[in-house]
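In this document, chain identifiers A, B, C and D correspond to the written order of the chains, with residue numbering beginning at 1 in each.
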Amino acid sequence: MSSNKKQQTWKEKLHTIIYEADTPAGKLFDVVLLFFIIASIILVMLESVNSIDTKYHDLLNIGEWIVTILFTVEYILRLITVNKPLKYAFSFYGIIDLLSTIPKYLSLIFVGTHALVALRGLRLLRVFRILKLGRYLGASNTLVNAIKASRVKISVFLFAVVIISIILGTIMYMIEGEENGFTNIPKSVYWCIVTLTTVGYGDIAPQTPLGQFIASIVMVLGYGIIAVPTGIVTSELAKSSDKKIDTNTQACPNCTAESHKDNAEFCYDCGHNLH
Amino acid sequence: MSSNKKQQTWKEKLHTIIYEADTPAGKLFDVVLLFFIIASIILVMLESVNSIDTKYHDLLNIGEWIVTILFTVEYILRLITVNKPLKYAFSFYGIIDLLSTIPKYLSLIFVGTHALVALRGLRLLRVFRILKLGRYLGASNTLVNAIKASRVKISVFLFAVVIISIILGTIMYMIEGEENGFTNIPKSVYWCIVTLTTVGYGDIAPQTPLGQFIASIVMVLGYGIIAVPTGIVTSELAKSSDKKIDTNTQACPNCTAESHKDNAEFCYDCGHNLH
Amino acid sequence: MSSNKKQQTWKEKLHTIIYEADTPAGKLFDVVLLFFIIASIILVMLESVNSIDTKYHDLLNIGEWIVTILFTVEYILRLITVNKPLKYAFSFYGIIDLLSTIPKYLSLIFVGTHALVALRGLRLLRVFRILKLGRYLGASNTLVNAIKASRVKISVFLFAVVIISIILGTIMYMIEGEENGFTNIPKSVYWCIVTLTTVGYGDIAPQTPLGQFIASIVMVLGYGIIAVPTGIVTSELAKSSDKKIDTNTQACPNCTAESHKDNAEFCYDCGHNLH
Amino acid sequence: MSSNKKQQTWKEKLHTIIYEADTPAGKLFDVVLLFFIIASIILVMLESVNSIDTKYHDLLNIGEWIVTILFTVEYILRLITVNKPLKYAFSFYGIIDLLSTIPKYLSLIFVGTHALVALRGLRLLRVFRILKLGRYLGASNTLVNAIKASRVKISVFLFAVVIISIILGTIMYMIEGEENGFTNIPKSVYWCIVTLTTVGYGDIAPQTPLGQFIASIVMVLGYGIIAVPTGIVTSELAKSSDKKIDTNTQACPNCTAESHKDNAEFCYDCGHNLH
């Protein structure tokens, strides 16, 4: 650590503001950040609407650049104020932050790199830090745990759905044939998933009596098996006893590890002093 | 209270009739009121049907005015018989009652203020007072409590649905493009919500194989995550033990507070004598 | 009882065959009856298919008459073998049996009385007597009890759905207007129910951005509140302990009361000797 | 057993590889097999896509023959290495394996026997052997047990759905008639199932006000009764206590019985020595 005492204090202060939401400044930073994330998403959306884009193209473009530059500054500050920048750069949020920033720069060089902007939506996940309400974090943890606990059962269930869709889709392709919209097996399997999940677009629908009979069976089947994931998640949630969860938003200045205990003095991950 | 003994008695009697459903007169008042609320809704509905409106325009108009005048009289009586009229005027029911009454008057001056009539539907909520059956109130309380208790979990869930819709909607816009109906990102996000909730209108449907593949994933995802709110509400309902709930319909003549205990002598909110 | 010993025995024997499924003859009778009920339903269905009806009109007509005459004979026998014919005639099954029989006779006199044949479907409920498997009766009782126990909660829920549909339907009528298919308020309310229940035909679909935004809210709402009836029924089913249920199919020869205990000597309803 | 010591060892070794997944060789065999099953399904799918089939017809045909020959070899080896080949040949997997292999041979003689290839999807079920993860087997067992336990209740429920569909379908046929797409009763019943299960294609949709009113009832009904199978499965899953389940993949070399205890010396079904 080749930095003098004063500089470290300056970095430490910024670290508290950027990575934590316990102090008023940290909270304000997160609220402002969230505002710009939402603004950036709305900008991308408006840009995609032709009638709006032709009218306000320059305005939207300027807005995009403002957001992009702010995101860039934020990304650089995050890298500077953390002791292990690489660890942040390759963390989930670090990658999302980078990918949300670069598409505008890339659009100067390449055409069609706009696709990455979709990832800006993921930045919305930061909202959970701002809410900074134990119950929100607790609730999302309870949900995530219930889903995790039923992970295996849900995999088995989804696998069964895929097998059923392949078999019934192939059968429907045989029965209905190309003249009724079931032009090939992948499309028939797609139809089967559309029906089994009770979405039912209606762009492809069986026309022959036999096809409609089998479709009815698929529907009742889909109607019945929707009970399975529900049953799985419900019984898991009923088990979970909503234990107290630590909602401290401090992040270790050394390794960015979170969820420290409220009275923690050292990082549980790297042992660095938290204060 | 600058009213003599007799007037107060008259006001008190009316208060009992209008605000409470324990006496035969009070019950009759509520039933008649409900009849006129339903009549007013049917009138608005019929008026919107062109073929009926051209035939019976005058009849419907007269009906509307009768209902509006009756609602006006009722609103004024409610204001008069309550000790704190402002508290009623700015209560949930007070606002609904006012907004259900004024659109017809406004229609004399302005055009297009008809929109407010939709709020008359909310007046239907008064039905719960008339049913005056402990089990209905109890059941609705149990439901409301279960939903309240799972409020935070459901918010987290809905927030996750919004993020998923934004990301997948943007991706689908990239893949399908304008020629397949995904004309802009907001419309793609709309499509994603239509699919995720298994509604599936079919006005926008993916046409490319890759788009249909991703749509299949969205559907199975939507099919799976419907389990989450169900699981949340079910485990809450299973917890709730259907405790006895006070179903007294008396309202304080001073401040309109409700849910007094059956043997209450004074209002729990303002201390006013209830008898 | 003005009948000699022998006649009573003959009536008693027939009663056992027709009303009970414990003896081989009784079981055979019920199976044959079920066969004719299913045949009668298939006949009505085939008759409605134009291409089949034009080809086999006479054949179908003869089949219909055979079924109708057999049903008539069965109905008369049921009236004769019971001690209190009026009680049977006005019981649930008695009315269904009559209404399933008369439409063919009425079709000789009036045109368009065919509508009643739909009621033949209800005769299928007799299948539960034939299955004569305690577990089927037990299972259906458990289900019915769970639904009965949650009757009040489900009413409250359905009432909330109706109010939401009326309000949101009216709002959508204001926003979308006649040019986008929301021709009147009843139709808008219908659209709202189609969307809220996630059926989503797509014959009416919002076209304006604001309409699509509100539709998205309706969908997520519908997606969320589907959790409520599920939660209600699940928590009721979890409570029910699948108690042993009497599955005796004996019916009192005097008053047709059912569900007698296996070792019952006298009818629990009218005190008549069961043997 | 008219085979010398050496041959038996050779057969035994092959049996371990083909029928079991405990040894590295057995696991490798299963992974390779799964790869070819998935390849065979993809081949069938691609062949059905016209644009791909015209381009790569020969390539796909060769691939099909390679897969078919490999499946044939595997099927013969399975028959040889098992002591009771007939028992395997008539087991669930034995029939599936045969039916997945023969359609290509039959296509040389007959036209249109391709229908059987749909059954190849069932071979995917072998994936569960490869996963060879106790928790997957355990999870699928828990699910299957919960569904088995609620078998009777679900039958009753499905039967009720069928009766409701027949009655409401017939009523809608009367109301809407042929001019609105309800051309005959079977089609109306199909519509009713499409609506009741909330699939809602929209190819048939009620047009008359009365028809739309009844359709609304059908939808709310369908929305409500989806709660029933969910409640059934959930309460069963909540009961099941995720007991330890034996996940040994050994198969008896004599009779192919599976699920032996880890320390089993003899087959629990035929008493044959397992080692």
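Definition applied: contacts are C-beta pairs under 8 Å (C-beta built on N, C-alpha and C of every residue); 3 or more make two chains touch, one makes a residue touch a chain.
Computed from a predicted model, the values in this text were never measured in an experiment.
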Reference interface A-D: repeating pair among B-D, A-B or A-C with over half of contacts shared
A-B
So what angle, to the nearest 5 degrees, turns chain A so that its CA atoms land on those of chain B?
90
Longest centre-to-centre distance from chain A, chain (CA-based)
C
Over half of the interface residue numbers used by both chain C and chain D, so same, or under half, so different?
different
Taking each chain's centre as its mean C-alpha position, how far apart are chain B and chain C in Å?
33
With chain centres taken as the means of their Cα atoms, state the distance from chain B to chain D in Å.
47
By the touch rule stated above, which residues of chain B touch at least two different other chains?
186, 198-202, 226, 230-232, 234, 238
In the complex, go through chain B and note every residue touching chain D.
198-202, 230, 234
Can you name the residues of chain A that touch chain B in the complex?
41, 44-45, 48-50, 114-115, 117-119, 121-122, 124-125, 127, 133, 135-136, 138-140, 142-143, 146-147, 154, 158, 161, 186-187, 190, 193-194, 196-203, 226, 229-234, 236-238
Help me check something: in the complex, which residues belonging to chain A touch chain D?
152-153, 155-157, 159, 162-163, 166-167, 170-171, 173-174, 178, 183-186, 189, 195, 198-202, 205, 209, 212-213, 215-216, 219-220, 222-224, 226-228, 230-232, 234-235, 238
